[in-house]
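Below, each structure is written out as structure tokens.
Two complexes come next, and they have one chain in common, chain A, joined by chain B in the first and chain C in the second.
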Partner chain A sequence: MIGRRNGAGIPVGLLVLVLLPLILMPIAAVFVFAFRGGPGEFLKALRTEDAQFALRFSLLIAFLTAAINAVLGTWAAYVLAKHRFRGERPLAIAINLPVAIPTVVVGTSLLLLWGPIGLFGKLLAPLGLQPMFTPAGVLLAHLFVTFPYMLGAVKPLLDELEVTYEEAAYTLGAGRWQTFRYVILPALKGGLFSGTLLTFAHSLGEFGATVMVSGNLRLRTQTAPLYIFAQFEAGKVAQANAVAAVLAALSFVIFFFLLRYSGTTGKERT
Partner chain B sequence: MSIRLEQLTKSFGGQRVVKSTSLEVRDGEVFVLLGASGSGKSTILRLIAGLSAPDSGRIQLHGRDVTDLPPQERGIGFVFQNYSIFRHMSVAENIEFPLKIRKVAGPERTRRREQLLDLVGLGGLGNRYAHQLSGGQQQRVALARALVHEPSVLLLDEPFGALDVKIRGQLRRNLKEIQRQLGVTAILVTHDQEEAFELADRVGLMERGELLEVGEPEALYARPLTFFGATFLGAGTVLVGRARDGAAQLGALSLPIPPEVEHEEDARVRVLVRPEQVALSAEPPERGVRLLGRGTIVEQSFLGALRRLRVRLPAIPGTRQASPAVYGEESLLVDAVLPAGEDLSGPEVWVSLKGWHILAPPRPRILACDLPDAGSPAPFALLQALEGPLDARISLLSVTDDTDRVEALRASQTERAAAHGLPDAEPVVRRGEPVAEIAAEQVQSLYDFLVLKTPESGPSEVLGGILATLSTPLLAVQEAPASFARILICTAVGEPGKADVRVGGWLARRLGAEVTLLHVLLDGGEPAPWVKAHLDAGLATLRALEVTSRTALRPARTAVQGILDEAKEGDYDLIVLGRHAASRPAAGRSRRHDFTFEILSGSGKSLLIVPPDQ
Partner chain C sequence: MRSPFRPRLEGGLVTAAGLALLLYAVWPWLPVPGRPARPRTVVFYGFSILGEALNEDVLPEFARGWRQRTGERVEFITSFAGSGTVTNQLTLGVPAQVALLSLELDAERLAAAGVVAAGSWRHLPHGGVVNRTPFVLVVRRGNPKGIHDFSDLARPGVRVVHPDPMTSGGANWALLAEYGAAARRFPGREEEAGFEALRGVWRHVVAQAASARAARTQFENGFGDVLVTYEQDVLRDAARGTLPGEIVYPPSTVLSEHTLVVVDRNVAPADRPLIGALVQYLWSETAQRLFVRRGFRSVDEGLNAANPAFGRIQDPFRVADFGGWDRVKKEIVDGIWKDRVMKEIGK
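After this line comes the complex of A and B, so read on.
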């Protein structure tokens, strides 16, 4: 619409000019470099054991993170939206904190807490448990970092629901669980979908916290972003770019769904 | 009985929003709870539905005690003001929802859904969603959904509040028709008097958490018991006169009080005159007509078939206006209606009454000052002892100059009152300086008694200030006794006061106390004839109130000495004094020599100080 307005040509052109080197060109570069050696080289780079593991591990972690946080986030949003209590705001801020803190710092603090010499880690060590530098540690970090996204997607929808929504269901004979299942949950569908996708996407690309808690152990805790970084450092740019291109493509698909879905729910609501 | 409420109470944050409410609703009846917002009417509905739990009391639906049951098991239908249509479900799915929950088979569900859709006039709209419907249609869906599972009781919370006037009227007629067809018992909550009159078989009028009166619309309109009922339901003029010989006196006009209205001789009587009961004429009316006076038309408004007029009459002695209340108006204002075509020749009209209604005497109101900082905390034990026998409504007044403390004070007051067995006491917090604010509160709301505890250190500045501007009988409490069993009424000082005998006698009657009427003989010797006459008149008044009473004559050097001597010998719990011009300290004299102060500190007893009649 904007482009069709009179006199919009210059500002829009300027915007594109600024965005081009900032966003669009680097993304294009990933694909260009990935396929520079031809499709054969690209596939070969992807078929190495390390690359395969990194991609599969990343997908698994992203899937688990999204699934667990879908439940945890909805529950937290429900509790926060439904109950009015003292310290509600501080709690809401604390829950959203992971968005504001650099992920490397999150990783560091997790290490300090759960690491071999950490507060909890010390207690677990005699039991032979060591959550850091394991897949479980990576999952923990991802859950922590992505938790606010799920909450942010679901809570506004819950806040928007009329208070009497639940009460109406009760007076019609529905129990608590039936009310949640048939009345609340369907109303959250859009938020759950976009929240889960967002969480998945963030987990897939997570670097800062992962690099701290995983120990970057190949074939054990190395996620795709860590693999890309490691290959780059070792000077194997083609290897790095192949995995980077796959990650970018996955992100595009998720982004596409997000845009489409949030677009339609927006229309439905008005 | 479909619905039976027994002494339901509910508080939120220390505030009583429902005060001991009992109610019975008959089978198939439409009962409308009418009141302003915040009157507790919606809370009662939510208590019946089980959406909120009462603090005490029982709820029965069709003979079944449901007080402890969750809403799901009460068998009710509830229509919310905001409809609460489930937005992700179609109209059909919404209406089927209660049936789905109850595992009703598919074909039966479809049959019932179609039946209800037809009933509410939405046939063919089953596939629509809430956002595709108008407000009125959404309300119909909500109604159908609330009725589809055949509840025994239908509860409607301001169901038409969010709709425009035209649709409202149409929906009201629909609702009435549907209710008749199904024969379901319904309680509807509204603040709209017109709605209540149109829909209700009976109306319950609510104010401040209290169900004030219940009755059929016409009876409530014509013969309300309370002032609130008189002014909230329709327009009208309320004039306050005095009861004399079984009639309400408004100046020269005397209106017989019907025997069913309980009243005490010389007490205030409130007379309600509805606009249609007022006759206006350009010529002086013939004799035998109840003529109120001659006035000027000050306002006119055209209402279609009728014209509403407001007439201002010069003040009538002994008559005060309670409604319509206009600030700073000393003359009387009377509202009337005329057919729109009828014309009066000029602004000057004769006003006479074609009909009237005498309101029941109001529950007495006590304003208790709660000023702990000034050494005068509210005497809770005494207030508790007075509340029941007087059937009084108690307000607790505290005054602060700190704006930030107002809310905290209100909360702590409510809490303390509840802890002292006065959960219904209403907190009043004013900002400013105590004496001025106490005076202002007395003027703004009508109270029957003012209560102030005298500080341990003796009569205070505050007490002196209050006495200077006293317009309400003041109970100055010292070493509060548990009750007042022996009351001494001092009639000796200055001109004979009728008010002190009346107020003291009224209190004695309610408390079952004995009264001694005291006259102090200053000159010694035989009492003058007027003294005897005065005492006899006082005794007659007390006897009429059925109070055990006697007289006492006591010679003394000063009035104060006589009263103090009698108080000491007779072991009275309360001394009643008139506060007349003569007993006020002359300019320049210190408070120490104030008559009231001398008796207060000399006797150590509680005092009831009665100002003269206005």
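After this line comes the complex of A and C, so read on.
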């Protein structure tokens, strides 16, 4: 330990110097600018109807996205991990693709598919349904964009899981559901937790796809990131920064729990 | 020493924090007794510079009046962007009931897409025009380049910041202002004078922004010597002294006219009286006075004296003086600017 600490001053200092303007200062700036007018101004900016709606709406969408994708993602991971079939790899790649596609592209394709001129949109129109530019449209976009996170957190654990445990459970007379509930699920706990948190965090910050499908309606579909953007565009930097500071603080908390619970699974803490 | 139940306590706390966050998120939608019923909502789209005037003055005033008369609460869901963007969103099906566009051309595009009935806005008061604002020049403080008219933009060494006519409604008005100012000075050879004026200006365009707002941001960030924009957008900051420049009124310029459309297919039968009242209200003296206070010029000329900041324009003109937007788009924007000027200067 002592040997490693010796001479660390220069490389560490250099790293901090490079990271300061790149990463550390922008993080600090959010809070500095948010509180520049004093805590009174900060609270006033947060208390406006629009800001409150944007924060609540973002959280609501994040909760729903995390809940739905937790189930969908785990199911997908289970199917992919347990079954060998033709086209398995292409399917696995396709459902992991949402992380790689630019989110704006996701937004446009959802609009073209579900919008009034799209394939689904045309089918839904006679029923009087139009998901785009409504909260449902925002949820669809978030489900798409965050789908791979749950899968990515759970599938490696399933791949590692010894088949023998499952076989033992079946031998002992356990049903499919019982085996899943009492043998597989406990083994996935860490992955489920971190996957859900990651999904939640990404949904909370989603911008590119949301801006396309939401129609940016205040008090109806305006999420917190869209609110920040709109306020900044209108030159209301204080309003934008107050909500930005809340979002940043929330993501710190989520990140803290991610590190605390999943980063250390199976390893001894020192 | 780790106590055996600490992890459990911590898990409980985390769960509680999560639940608290969830409760906060769903709170407004919970059926708490004694809470007033959800208000009726009107979805209102507008082009970019309208945001403050509508959100802070004009629409809240209508909601107050409506509540006094009927006891009902009305909530406005609004969205503001470049006029072209708003038009595209409406075509894609956003649930707007009312939209205020920067130019009638966008209303025509909506009619062509079947979103509104053709010409329906012309049955509204003043042919659908809610308010106006002239196109002006903004120069650096002290006017170091001595710019007094659109023709000065053609002088060597002048750098112009201009919104992009492909995406910005304001930019189309600006084109008409530059063309029209020259055409009116040389009666008899309007087209050639206008063409030369546009060529002179566009040789010196150094930055094209997607909207009038964005062009203004570029100018404020130090680009260019002169900005062509709506008077309304810079009037307030100029009066406050926060505009990094000063307004120059060309002797002859266009008054932009902003057109209201009602998207009937998005208006439920039960909401027709509400939307009808809102539309009539926009031309009422109350609303027009609020627009004037926010720097828009009223369609009722008598009210404009209330804002002393309005500059004097010797020879204001309108799009009707050049045959309306159909003709201006075809003959001036496409025929002269796009096909001749842009080809010649190779942009």
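FYI, the second predicted complex is superposed on the first by the 261 of 270 C-alpha atoms of A that agree within 3 Å, B and C clash if a C-alpha of one lies under 4 Å from a C-alpha of the other, contacts with A are read in each partner's own complex, and residues count from 1 in each chain.
In this text, contacts are C-beta pairs under 8 Å (C-beta built on N, C-alpha and C of every residue); 3 or more make two chains touch, one makes a residue touch a chain.
For clarity, every value in this text was computed on a predicted model and none was experimentally measured.
Superposition note: with chain A as the common reference, chain B and chain C can be accommodated side by side. Applying the stated contact rule after C-alpha superposition, one finds that A:L60 touches chain C and leaves chain B untouched. Once the two complexes are overlaid on the shared chain, A:T171 sits against chain B while remaining clear of chain C.
Touch criterion not met for A:A92: it reaches neither chain B nor chain C.
Looking at the shared chain after the overlay, A:I117 reaches chain C, while chain B stays out of its contact range. For chain A, the partner that touches more of its residues is C, with chain B and chain C as the two candidates.
In the superposed model, A:I101 makes contact with neither chain B nor chain C. Using C-alpha centres, the superposed arrangement gives chain A a vertex angle toward chain B and chain C of 140 degrees, stated as a multiple of 10. When both complexes are overlaid on chain A, the residue A:E162 reaches chain B alone and has no touch with chain C. With both structures placed on the common chain, the touch criterion links A:Y182 to chain B but leaves chain C unconnected. The superposed arrangement places chain B and chain C with a least CA-CA distance of 14 Å. Shared contact residues of chain A, touching chain B in one structure and chain C in the other, are absent.
Partner chain A is touched in their complex by these residues of chain C: 14, 21-22, 24-28, 41, 43, 51-52, 75, 77-79, 81, 89, 92-95, 213.
By the touch criterion given at the top, residues 49-51, 70-72, 76-78, 80, 82, 84, 86-89, 97-98, 100-102, 131, 145-146, 149, 155 of chain B touch chain A in their complex.
By the touch rule above, chain A contacts chain C in their complex via residues 53, 56-57, 59-60, 63, 111, 115-117, 121, 130, 132-134, 215-220, 233-234, 257.
Partner chain B is touched in their complex by these residues of chain A: 162, 164-165, 167-175, 178, 182-183, 186-187, 189, 268.
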